[in-house]
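Paired with chain B in one complex and with chain C in the other, chain A is shared by the two complexes that follow.
Coming up: the complex of A and B.
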């Protein structure tokens, strides 16, 4: 009989195989959708992919932060934060890697940098929401924010817009990068320290 | 003597629907709809405040995100009993499955619709103080409100059926992408079936379109709920049949669902000046401002012949003998909240419209350009003219020479006697109106 090691048990308890499958499906969907958009005519047509693929990936990551055995987890002797941080950072990096092939080229506007930035930013917002609202509903704030910005920022210009409308900025905007990285750092730190909000069977 | 005190009857527990509607997730769903719809509208208030048609168009197209959100909220609520592990407990109660489903689902549907209606009302109120004509466009609101409630109800059924945590976000994103694809490049029939669809040219729907849309979306959602929870599942066929009939009607009519607003073809004119100034009847209140902005031009053109009859604003190309009035729409650029943002720029654009800008390129010789520049500077100089001149003054020799010639021509036109200038301008507009470059008088 083989014994299963800690990390593997942890991965299983967070439904990571399912999460990885969902991330792969997200990436495949993004590639399929990008092919339909005729983006070679105009890179701006990729904006829906650049905004929505990271959003979907972050929703997948967010729901994987749920712990079914929260009370049991809290009795553990080992510190949780390295595992939580590794899980979140690993999934975010993987998601960023997976959604990039959908938008290759055009790095200066809506290409790989923009989609990587959005993946990090959305994951940060979702992780923070998992701490505050619970993992299962963690997708809601990022969804409300990104779709709201998607509809509302068509004419937003200026330095302030690069900060608040960061999901819709070209990849080379430093203001958007700063916001997204701050969101990721804050979300990851919050999640690593606190973990997802305990939900139990209610909620 | 004994005092008889009657015991108060125990207060009856409120009906579960009331508790469900006031507590738990449903009010938050309404708040989410309110914020998702309200925030983008606030962000681009410049583009719709002061125009009833644009206000209605903006809240309608925003259904693209609020409808998937309502479906996701319903889906989340639908998974509640599974998350709480109370499905079996509910199975033991005397209420029918349909009643239980509706008691849980209707509050979210109601709040989603209320959130939408609150934003619509707020947008109309915010637009009201700045409108310049037209009347409120409320015709799409019933269809949109029913679609919001139907989205939440259908989402609830999906949440009951699909046992995964990812169901709600997946439904949201899939709904968003699906509606986006249908709206952007679906066929006419498919577009007519989408609750977010709007007229290609900003027209009005036929009167029955919102009601058919309400039956189409509402019928599908009710059919899904009945098929899932009704004791006699065959009853789902009734709303399904109604929905399919309404859907067939919408799909068959296609682009015929929309017609041009008759008001948009009418104009309001001030004929006391020459050329006369006409603004579209939808912005009749802008006429005094436009007249003031163009008063400098019309004063200087008093007595000049061969001018276009009027500046026209028909929403289509001007007719022969007319010049296009510079655009009041799209809002947010030259006009914001019922005010011209830059009257000087507007006046310059109006002069450019008088100069026959649609002449072929062969007619724009140096002589014509010099005359155009002199006329613009005499009638209404561009606000950036000084910057352009300064740029040319710092340029190479050819640009400096051209600038000197232009400045000299401007001075000659401005220095002419009143009558001489009137004759020159009459000859100029005659030549420019017919694109005859060679007949443009020299300066």
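Coming up: the complex of A and C.
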């Protein structure tokens, strides 16, 4: 269907319909995988879902930050930062909302608060990576960090670990929340001001 | 009256000085920007298009200093720009892509549909307006780029290598369009093709190593070529090389200005 309405064209230019579908698929996969975990001897193992579902969602968000016509976009009359911020914050909120059902009923440690925190933190890291590396590779730093922490933090304890191992912390851990919120604020601000790094001939 | 005036413009890319204390004023008409690779043509066009910031100097476009935000927004509404590589969204049709740029330029929503059809018709793509851009040939994609640059009826139009990929017939038609646009707007065309300049431009500016090497009319550049025995198949090509060589020879610069 052909349209000449600007906001709709903007949404399509950022592949938002595809992004929404991918986020819904990620949420469905997380719910399915959470159900499968009950097959293990420890039915309350939620850490894989809490760590990896937000990571997948942030990767989907990161790739939607790509702009094919960056050079022309820079000549837009209105400043870009409100649109960029709205896109990023809206997608992060939606992703948190969609992934949360996978961990409902486990609020004490690895429930909705931990998923929301990790979605915000991973989205912040991914947004910053989109500015520095480009949107297409924006998923990589968060992926390396979270999987590294996932594999390496099993024996980590103490106050410092609540900060650097924030994706693996219970939802009530203040240090992890501070780190994740800082990552989101910094990544969102950086992306809103500068946009994703151009990936064409001038990238 | 000049609709474009730059003073002391300096642009640096890492360690390379792309534009070196450039002063330039252009008014209504079609202005050809010539020069060898790396002369600074694209750097100048990008600063004029407000997508790159100069390291030093003042840029006034359409009477506004673009250092101020309010002035910048007003200028962008009346500015058209075709970059060397403009990128497009794979799922967009020609109509949608040109409408997207019209939206960026804040063309009033009620006028967008008509403005898009007019721009696409002017570049000879009316019969492909609902085709996906990705299905078009290279020359047609270039014409889509020209259509998006003129969709807001710009008072200042900046075209970086607009004829790259166009076949000879399309280039002849494009030159006619340039002459039509240049009657009311300031059009700056960066190109390597001196015959485009000879056929369509009212003035020519030759850049070399970030500085102006020559300014004049295409006819004066042709005359310079006729009086020179330098390389080139056509007088204007010989004029181009003669002006460049004169600029590079210390003591001979005043002779070609």
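We adopt the following convention: the second predicted complex is superposed on the first by the 190 of 203 C-alpha atoms of A that agree within 3 Å, B and C clash if a C-alpha of one lies under 4 Å from a C-alpha of the other, contacts with A are read in each partner's own complex, and residues count from 1 in each chain.
What we mean here is this: a contact is a pair of C-beta atoms (placed from the backbone, for glycine too) under 8 Å apart; a residue touches a chain by one contact, two chains touch by 3 or more.
Since the model is a prediction, treat every value here as computed from it, not as a measurement.
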{"item": "Clash or fit, chain B versus chain C on superposed chain A", "value": "fit"}
{"item": "Partner chain(s) touched by A:143 [first = chain B, second = chain C, both, neither]", "value": "first"}
{"item": "Partner, of chain C and chain B, that touches more residues belonging to chain A", "value": "B"}
{"item": "Touched partner set for A:55, first chain B, second chain C, both or neither", "value": "first"}
{"item": "Chain B versus chain C as contact partner of A:13, first or second or both or neither", "value": "second"}
{"item": "Which of chain B and chain C A:22 touches, first, second, both or neither", "value": "first"}
{"item": "Which superposed partner A:74 touches (first chain B, second chain C, both, neither)", "value": "second"}
{"item": "First, second, both or neither for A:5, with chain B first and chain C second", "value": "second"}
{"item": "Lowest C-alpha to C-alpha distance for chain C against chain B (Å)", "value": "12"}
{"item": "On chain A, the residue positions that both chain B and chain C contact, one per complex", "value": "201-202"}
{"item": "Contact footprint of chain C on chain A as seen in their complex", "value": "2-7, 9-10, 12-13, 67-79, 200-202"}
{"item": "In the complex, chain A residues that touch chain B", "value": "22, 33, 36, 48, 52, 55-56, 59-60, 62-63, 66, 135-137, 139-140, 143-144, 147-156, 199, 201-203"}
{"item": "For the chain B and chain A complex, residues of the former touching the latter", "value": "32, 35-36, 39-44, 46-47, 61-62, 64-65, 68-69, 72, 76, 83-85, 165-166, 168-170, 172-173, 176-177, 180-181, 332"}
{"item": "Residue ranges of chain C in contact with chain A within the complex", "value": "49-51, 69, 73, 76-77, 79, 81, 83-93, 95-96, 99-106, 109, 112-113, 116, 130, 148"}
